[in-house]
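Below are two complexes that have chain A in common, paired first with chain B and then with chain C.
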Partner chain A sequence: MDVLGYIISKYNYWGFVLLMMVGMYAMIVKNNLMKKILGMNILQTAIILFFVSTSAKTKATLPILEHGHGDHAIHAVDYINPLPHVLMLTAIVVSVATLGVALALALKVYKEYGTLEEDEIFEAQKKKLNPEMQEGEVNS
Partner chain B sequence: MKKFAVILGLMIWGGLLIYIADDFPGWGDPQAPASVNLSPYYIEQSIPDTDVPNVVTSILADYRGFDTMFETAVIFTAGLACLFLLRSYSTKEPDVYLYRHTATGVILRIEKGGTIPVGSADFERIDATWVPHDLIIKTTCRLILPFVFIFALYVIAHGHHSPGGGFQGGVILGAATIIFAISYNLRTATRNITERFAAFFSAAGVLLYASTGVLCMFFGGNFLDYGALAPLFGTTIAGARSLGILIVEIGVGMSVMAVMSSIYYNISSNGRLNEGL
Partner chain C sequence: MSSHFPAIIIIAPLIAGFLISLSSLANRRFCFPIAVAGLGIAFYSSIGLIVSVFEKGVIQYRLGGWAPPMGIEYRIDYLNAFVLIMVSGVAFVNIFAVKKTAERDLPEKLGPFYSLYVLFTAGLLGITATGDAFNLYVLLEIAALTGYALIGIGSGQNSGRAAHSALNYIFMGTIGASFYLLGIGYLYIATGTLNMADLARVLPSLFGSNVIMAAFAICMTGLFMKMALFPMHGWLPNAYAYSSPAAASLIAPLTTKVMIYVMIRICLFVFTPAFSFEFINIKGAMVIVASVAIVAGSLFALSQKSLTKMLTYIIVAEVGYMVGGFWLGNKEGMTGSILHIANDAVMTLCLFLAAGIFAYKIKPRGEILIKDLGSMFSRMPVTMGAFVVAGLSIIGVPPACGFFSKWYLILGGIKAGQYWFCAALIFSSLVNVILFFRIFESAFFGSTCSNHEHGSAHETGHHNDHEAVIDEAPASMLVPLLVSTAMLIVLGFGTKFIVTQIIEKAISGMI
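Then we have the complex of A and B:
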């Protein structure tokens, strides 16, 4: 089965695409700001998965050189690629930082409007800009 | 309607991503373009250049030292942003304080002008988020926390030889602070690891990192070229790079730990830092 072999040989990309679509969907469609923040985190996880999966090599071990001071020669094919790991290590920490700032902003929004639903926030903003507007005219 | 349009757009985009996956290398391909250009140099030169067996650490703190320095600055900025967004210093004093005598369970009602037993071990304050004394959780956390702290210090210091380093150890330290704040209460946590301490450490970590780089310039090297510190440490150039990486990782750990606690303090108490989880 050639198709099956093709699917199995690239299964990391299918997981990446699926997670990325789930995250984008949550960020665009969901009405609640908390769910948007969760979607953003799922999107970041998808990108981390993509980068880390590109570093894999078959029949290689993790990039900690054996014993460190031995006389044996070190061949790059025996160790997986450490560079994406470094990039994603910092990306994970930055995603935690952005999550903290996003939660702080969501708390601020909740304090101001008393809700985290996006449409209710927009309506409250419109009412704040035109205080004389009546309840029924909001949708016009 | 918007929902279906978004789903359609995402399906087109996802299909495009799946279509171009044909050009990407397969799972675990040793000849993948990402693995043949730069990374063999790192793997083969890590020991001669820096004396560090863990290649991830040597890339993180030496080859890509600028990246990590500004990454630490990003963490610091996130802590600052949370502080500026949420922190409010206007404390509204309640009319009545409630204090519970822990031995007898008698609750004292202290009106304005009365003496408040601040810092006394016999009394605990009761507020909106007070929960009954939980012996199992508090005792378990008190027993486990010293070991969590020591493990975090081990992860920071042993990042040269095993998976670990400043970011990971700093996050474990921050998680230990958060466990402490959850199992007791926020007021006890801020009394032990104060807001001032967290603010000082988050800045001091970034400063330690940057000043190590400046120190290298004083010894005639480039910014963050730890090999120039060899006369100071009295070792070989590779050994000086290894020690420089350790100093930098300690700075990163300090900064990450302080920012994690500071973000938790501000978010859990809505910026007032008096009551919270």
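Then we have the complex of A and C:
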């Protein structure tokens, strides 16, 4: 029971760890480059979730004075911390840019090899290398 | 003007990046001068910065006038002023050398190439200059993203492999950067600040906390991935070997060295040595990991047939030198490690410039194998001479700078009682002797390379008078190569100045 309570009280951290592991699993195990790219994006999203969830707070609002609760003096308790959100705006931009570069490169790989399965790519690279080596031996 | 150098050093290449992509729409001829101007301003500012650090001590620059810890602070001390000069100098010298290769290999992509080049430099300079842990992440990603793109451009018959290895680099690099970001998140939760100096102030009271331990472990794992420490080096050799030589000679000398700088910065100036070296007891383990990296990198290098692949595995071994030297945790090891950051950057630059020239002259499209370098001394005496000096420096022959940093590293290893580390260093030096003398031998006595790609297949049968043909690279490639070769010797003779005037001041009070 205690364990369950522990898990539930920190559910946001468990959630981000789970997502992160899903992402890393996909990046390490999957054979298809597209699935790896998706895994990479899940990994980055997990970390964004982690940052944003750390600043969540019940019974608090945006850190803008006009939206404050009541007329009393300003209490930090009434406002959520905006900094993690701001940091994550940058991280989202970074992850979008990474995704863009990764997709562009995947496109280039597909154009070159006609496949996105990694074992087939390695196969094609070996084939490409071998005739070249034989040619070199003939010349020397 | 000079008080704004910490900002200018980043902003000049950033703006140059934008201007290059704009002007490439109008006329591609403008790209190169703009890139040179941007990098020249950055190089000038880095010299200005180290001069003012000598005069006035640590510079704290507030971006936008916001005071730290709220605002982002750029903090220049002896350590990063030294690394800034290294980064901007290598980028500035290298751009003249890659002009010809870029124009021939990537004629359609000159605009993107130069703007990625300067943005990559801006990212690395920012990583070095910043005093804010999250800002470091953003600049890390700027450098990484442009690096992926530069490697992915590829050229010739390697372009498919270049794209594939750049994609692998993205996966590893993103995991590394994400781990770093996660570690910073843990630190932020525990301390409520992202400013490095502020973190160093708050952290000592929290040393026992599990959050700080986790933050340290996660940050370091991320950085080890980014710097290609041995078991996590998988992305590096292919990415550097299959990229266009124009991109390789920029990325190979700088990326791993700047990541080692970040490790030193985080361990010494954020977590403080009291935590990194004393509170958690991983010094010995890290030195062993580094020794394994040195041995493994050297052995892998020995098994390569391709010249660039061999050079990339030498980089893997050199990363082991610097990581091991740092984790020795004494003054000599630390000095050797920081000195080796600059020395290794120049050595790697020199080797990759020479490899770029070989690629330009003998094998425009494809890998240069070691056997292709037969009788190079008679065909390209200048390039080969520079290659010999750089090779001797990697081996560690005295007047060249590689000897001095290795000397400090071995001294540190003996002082710390880490004899395995010393043994690994000496083993790696011996392997380097084999690696380079194998090349020197075939370049001196070997026959002309067998597969010219300039349609000279009929020559191979009766090519006895090959010593008459001097077929040297154009001057625009030779001059940067000779400058970097001269720097190897200058750095070697300047070791005393660098150690006493810069490095000792950089780590004073830390060790």
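Keep in mind that, in the parts below, the second predicted complex is superposed on the first by the 120 of 140 C-alpha atoms of A that agree within 3 Å, B and C clash if a C-alpha of one lies under 4 Å from a C-alpha of the other, contacts with A are read in each partner's own complex, and residues count from 1 in each chain.
The criterion applied here is as follows: a contact is a pair of C-beta atoms (placed from the backbone, for glycine too) under 8 Å apart; a residue touches a chain by one contact, two chains touch by 3 or more.
Only a predicted model underlies this, so the values are computations on that prediction, with no experimental measurement involved.
Undergrad: Which partner reaches more residues of chain A, chain B or chain C?
TA: B
Undergrad: Between chain B and chain C, whom does A:T54 touch in the aligned arrangement: first, second, both, or neither?
TA: both
Undergrad: Looking at A:V94, would you say it contacts chain B, chain C, both, or neither? Reply first, second, both or neither.
TA: The answer is both, since A:V94 touches chain B and chain C.
Undergrad: Does the superposition put A:Y113 against chain B (first), chain C (second), both, or neither?
TA: Touch partner of A:Y113: chain C, not chain B.
Undergrad: One more residue to check, A:V17. First (chain B), second (chain C), both or neither?
TA: Touch status of A:V17: first partner only.
Undergrad: Please work out whether A:A104 is in contact with chain B alone, chain C alone, both, or neither, and reply first, second, both or neither.
TA: both
Undergrad: Thinking of the overlay built on chain A, is A:Y79 touched by chain B (first), by chain C (second), by both, or by neither?
TA: After superposing on A, A:Y79 lies in contact with chain B but is clear of chain C.
Undergrad: In the superposed arrangement, which partner chain does A:K36 touch: chain B (first), chain C (second), both, or neither?
TA: The answer is second: A:K36 touches chain C but not chain B.
Undergrad: With the touch criterion stated at the top, can you tell me which chain A residues are shared between the chain B interface and the chain C interface?
TA: Correct list for chain A: 24, 54, 83-84, 90, 94, 97-98, 101, 104-105, 108.
Undergrad: Which bits of chain B are touching chain A when the two form their complex?
TA: Contact set of chain B toward chain A: 2-3, 6-7, 10, 13-14, 17-18, 21, 24-30, 32, 34-35, 38-40, 42-44, 46-47, 51-56, 59-60, 64, 67-68, 71, 74-75, 77-79, 81-82, 85-86, 161-163, 165, 167, 171, 256, 259-260, 263, 266-267, 270-271.
Undergrad: What does chain A use to touch chain C in their complex?
TA: 24, 27, 33, 36, 40, 43-44, 47, 50-51, 54, 83-84, 87, 90-91, 94, 97-98, 101-102, 104-106, 108-109, 112-113, 121, 125, 128, 132, 135-136, 139-140
Undergrad: Enumerate the contact residues on chain A facing chain B in the complex.
TA: Touch residues, chain A against chain B: 8-14, 16-18, 20-21, 24-25, 28-29, 53-60, 62-69, 74-77, 79-86, 89-90, 92-94, 96-98, 100-101, 103-105, 107-108, 111.
Undergrad: Inside the complex, what are the residues of chain C that reach chain A?
TA: Going by the criterion above, the answer is residues 134, 137-138, 141, 145, 148-149, 152, 157, 159-161, 163-164, 166-167, 170-171, 174-175, 178, 181-182, 185, 188-189, 366, 369, 371, 450-451, 457, 460.
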